[in-house]
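These are the structures, in structure tokens.
Next come two complexes, and both contain subunit A; in the first it sits with subunit B, in the second with subunit C.
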Partner chain A sequence: MSNIAQQRIQREFREVVKSDEVAKSGIELALAHDDLTELVGTIKGPPDTPYEGGTYQLEIRIPDTYPFNPPKVRFVTKIWHPNISSVTGAICLDILKDQWAAAMTLRTVLLSLQALLAAPEPDDPQDAVVARQFSADYKTFFKTAQHWASVFAGAPHEHPDFDRLLTKLKDMGVDESSARVALSSCGWDIHRATEQLFN
Partner chain B sequence: MASLERSTASGPTGDRVKPDTAAVTAPLSPVCRFFLAGSCVYGDECRYRHESWLSRTRPDEATVAEPHSDPYGVPLTFDTFAVDDVDASQTPALPAPIHSVSTSSGFTFTPDPDAPEFVPRGFNASCLPGGLTAKSHRLVPLHPDPVVEEGHPPVEVGARSWAQVVNPEAMAQLPMADAESQLCPFNMIGECHYGESCAYIHGDTCDYCGQDVLHPWHEGQRRKHHAICMQSHEEAMEVSFAVARSKDKTCGICMETVLDKNKGEARFGILPNCTHCFCLSCLRTWRQAKQFENKIIRACPECRQTSDFICPSRFWVDTPEDKDKLLTDYRLNLNKKECKYFRRGRGECPFGNKCFYRHVDASGLAVDVGPPQTRTRRANENGDITEAQRVLMMDFLNLRDERGTRFLDISTEFGQMLRLALEVDLEDDDDDYYVP
Partner chain C sequence: MSSESPPPAASGDNQDELILAQKEAIAQDIASNASLVGNLEPVYSLEREFSHDAVFMTKIGNLKGRYAELRRTRPDGNCFFRAVAYRYFELLLHRPDEYERIKALLPRAKAQMIELGMPTFTLEDFYDNFMDHVDRVGQAHMDAQQLFETFNEPGQSDYLVVFLRLLTSMQLQRNAEFYQNFMEGDKTVAEFCATEVEPMYNESDHIHITALTEATGISLRVIYLDRGSQTEASLHDFPDQGESAATTPLVHLLYRPGHYDVIYPVKSTSESGPATSNATVTTTAELSS
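Take a look at the complex of A and B:
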């Protein structure tokens, strides 16, 4: 790891840990290893979104050429969002790709990700299924995202009808996560979900 | 005297030329080779300069040495001098007239006293015919360098009268250079071993610089030294202000305090179009990044304001005026250097006349190469962005012709058909232009 990257990460780390403003906006940063190449970011789901109340973990990898190249960030916590893969957690955000600027910091990246949760961009999707649902049936999208937030990110939302459908599929011998993915992508239509699962 | 004026006029260009080429480029036109060989048929009509090697090496001397056989054929006039009214009696310490001047080749010339144009610097009023003694026109050559050679020193310190030494009024009239040369150089920088018995004057101590450099009687010298001291004091103040305003500035990329970095890296990179602060090395690395589009890397990493160039600076600039001055100075400095791409016309500069460096041809004359070429980028079959090569119409036509003939040779039958078609086309063209 180059000298400049190491020193900058140290500074940024201190900045995020110390700052009150950062704590208020609900972002955190922790070291995954001592060598500063890998960090763990945590962001709170922004208010008035299906992610409200949830806590999301992010894996941040610092490239050797940081800050001239963006950090590699992905969601560890599963999330139902048009710009984040529901399978891998990969993020589609321009500043993490070709719109990166060397003066951006981990703090700005985390804040941008929080803003992304509040304002999805379905025209530039990472997860096509979620994006289609977001545009076609926003209500279902909202409820599904809330369900995912409660299951994976600890948000206090309850959707007993979804739970019932899940139990039904589980009784048919399908494991829970596959059942959830199938139901979510089929708009909680159990017939289409079973069709998808058993074909 | 024309050369005096010429060399003055070509001063700005001459300054920018390297010393080895100065002799060729400083005058307006090249020297006539035939004249040098002694056989120019054009004589005075020649468009090149008729000038000997001797006068080319030291133009000021040569002019004095040949005052009325002017090598340029330009009649000598009083226009080449600045004329000011000076009371001759007020210049008692002027050096004695120079009646002979030697050139670098050791050849001595004694000017004709009847020549009215020849007025060397440091002349005496008695030199002029007509007895203009009390009040005369003093002619001051425009050329600043004294024409005096070492072999003929002007009459100076030794010629002072006792009255001049004891009378400060008269001392005030002593030329500045003479007044300065009277001061003991050892005493100026420290201690003189001769002490009181020193033949030179030990000056008064300057309040600003603390050195004994003030001439005891010469008011002009004292004032001049004070002015210099004040100026350097102001400059030092400016530098300390600059350091003060730069010392807490951190680079937006490496986040370090710029002035605390290693000696070679403690420089600011100033973006002309925004006020964000970066160190030069970080900003350069960012702008050379290959993984992003040009638009991204040419923009400020903080505010994305595009800047076409960056300016290195030892200090941070706060005010727009300071910044303007810095950028102007930077561009002026770059313009003194020759463009590495253009290479005196042998190369091609991608920046065209937008280049900050100097474009000169082999003879040192400035060249306008026109606007920069537009660079075309296109994706190759792998989707990578590459720079399109410049395609000349000529190359394309040659290639087409080549292909065309080969094509005609290979398939003669079709070739004939094609030729026929071409002929028909030509005839059609003729018809188009036919006017009944």
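Take a look at the complex of A and C:
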């Protein structure tokens, strides 16, 4: 890791850890190792969104050319969101790509990701399936995102109707994770989900 | 977006990563083939590249009378800013008047940047670093060779570029009403700065040059070596002095489509940095004087 990247990260780390304002907005930053090349970010799901009550972990890798190039960030906690891959956690956000500027910081990134949770951009999707659902059937999207938030991010929602459908598929020998993906992708239509799983 | 709209293209999660990886590979390839800032070369070295092109050859031929040397910069999208910064710092080695002027100007610029809401946490850092180099060069704590080495050290070199990008952004945003006239579509000046000015590796256009020269008061001449049919390369001065060009600009850049290099007028080579084996005898003699 270059000296410049290292010094910057050290300063930024202190900035995020110390700031009260940052703590209030529900973002955190921790070291993954001693060498500052990998960090763990945490953001709280913003209020009035399906992610409310959830806590999301992010993997942050610092390139050698930081801060001239953006950090590489990915959701570790699974999430149902148009701009985040439900499979890999890859994120579609302009400032993590061509609109990154060296004057931005990890704090900027974490706050921007929180803002992205509050305001998805379905026209610039990372996960096409989720984006289509978001635009075509917002109610189902909202409930599905809530469901994922409770299963993976510790949000306190219960969806007994979804649980029943999951149990049905599990009884047919499908593992829970595949069942959830299939049902979520098919708007919780068990016939379509079964077709998708067995064809 | 209505429910009838077509499904978004390419659901592949790896798409972005592939593009990013390819960009990195291209950048690495360019980096291994070109220094951030090159050694001095005689202007006629351009002839080797354009020997099959009559229009360029005529223009280069006419350039030789006015310009002696050329210093290439890496074509990484930062070339304009890096070229201006390098040449300007080189001038500061010999120009106490410029040193005093820029030293008085930069703190005001910084205050204006903060006023605009630029993040102080990082801005201070880029400002301090830039100012530190201005001082070192202006107070002769750094010589031409050290300057050359500094500009070829990627992190340090890019740190200086970032500050010029921020200065340019500040100038555009402070005069947003005027610059709005040059925006394409319904893009705002602030959006333009966020996408085309502040991010590294974005190429510079007329508007960047205008704003940077305005913000810094550094006068600049760009010689355009393009495919236009005239026999002389056309030139443009920033700020525009019209027909009555009273003073010769401080910094001279050579533009070829998509790229800027530093170019040295015949008379001012005595201020140039480390010479190469290619450099003319005159230059070497002047440097050692």
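The rule is simple: the second predicted complex is superposed on the first by the 199 of 199 C-alpha atoms of A that agree within 3 Å, B and C clash if a C-alpha of one lies under 4 Å from a C-alpha of the other, contacts with A are read in each partner's own complex, and residues count from 1 in each chain.
Assume a contact is a pair of C-beta atoms (placed from the backbone, for glycine too) under 8 Å apart; a residue touches a chain by one contact, two chains touch by 3 or more.
Just so we're clear, the structure is a prediction, and the values are computed from it rather than from any experiment.
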Superposed partners subunit B and subunit C on subunit A - clash or fit: clash
Partner chain in contact with A:103 - subunit B first, subunit C second, else both or neither: both
Contacts of A:85 with subunit B and subunit C, given as first, second, both or neither: second
First, second, both or neither for A:129, with subunit B first and subunit C second: second
Touching partner for A:4 - first (subunit B), second (subunit C), both, neither: both
First, second, both or neither for A:68, with subunit B first and subunit C second: both
Chain touching more of subunit A, residue-wise (subunit B, subunit C): C
Candidates 27-35, 45-53, 189-197 or 279-287 of subunit C: the single one with C-alpha clashes against subunit B: 189-197
Subunit B and subunit C contact sites that coincide on subunit A, given as residue numbers: 4, 8, 11, 67-69, 98-104
Parts of subunit A lying in touch with subunit B, wherever the complex brings them together: 4, 7-8, 11-12, 67-69, 98-104
List of subunit C residues in touch with subunit A within their complex: 1-3, 5, 7-11, 13, 16-17, 20, 118-119, 121-123, 125-126, 154-156, 158-159, 162, 165-166, 194-195, 198-200
In the complex, subunit A residues that touch subunit C: 2-5, 8, 11, 15, 65, 67-69, 85, 87-88, 90, 92, 97-105, 108, 122-123, 125-129, 131-132, 135-137
Complex interface listing, subunit B residues touching subunit A: 252-256, 276, 278, 282, 285-286, 289, 291-293, 296, 299-302, 304
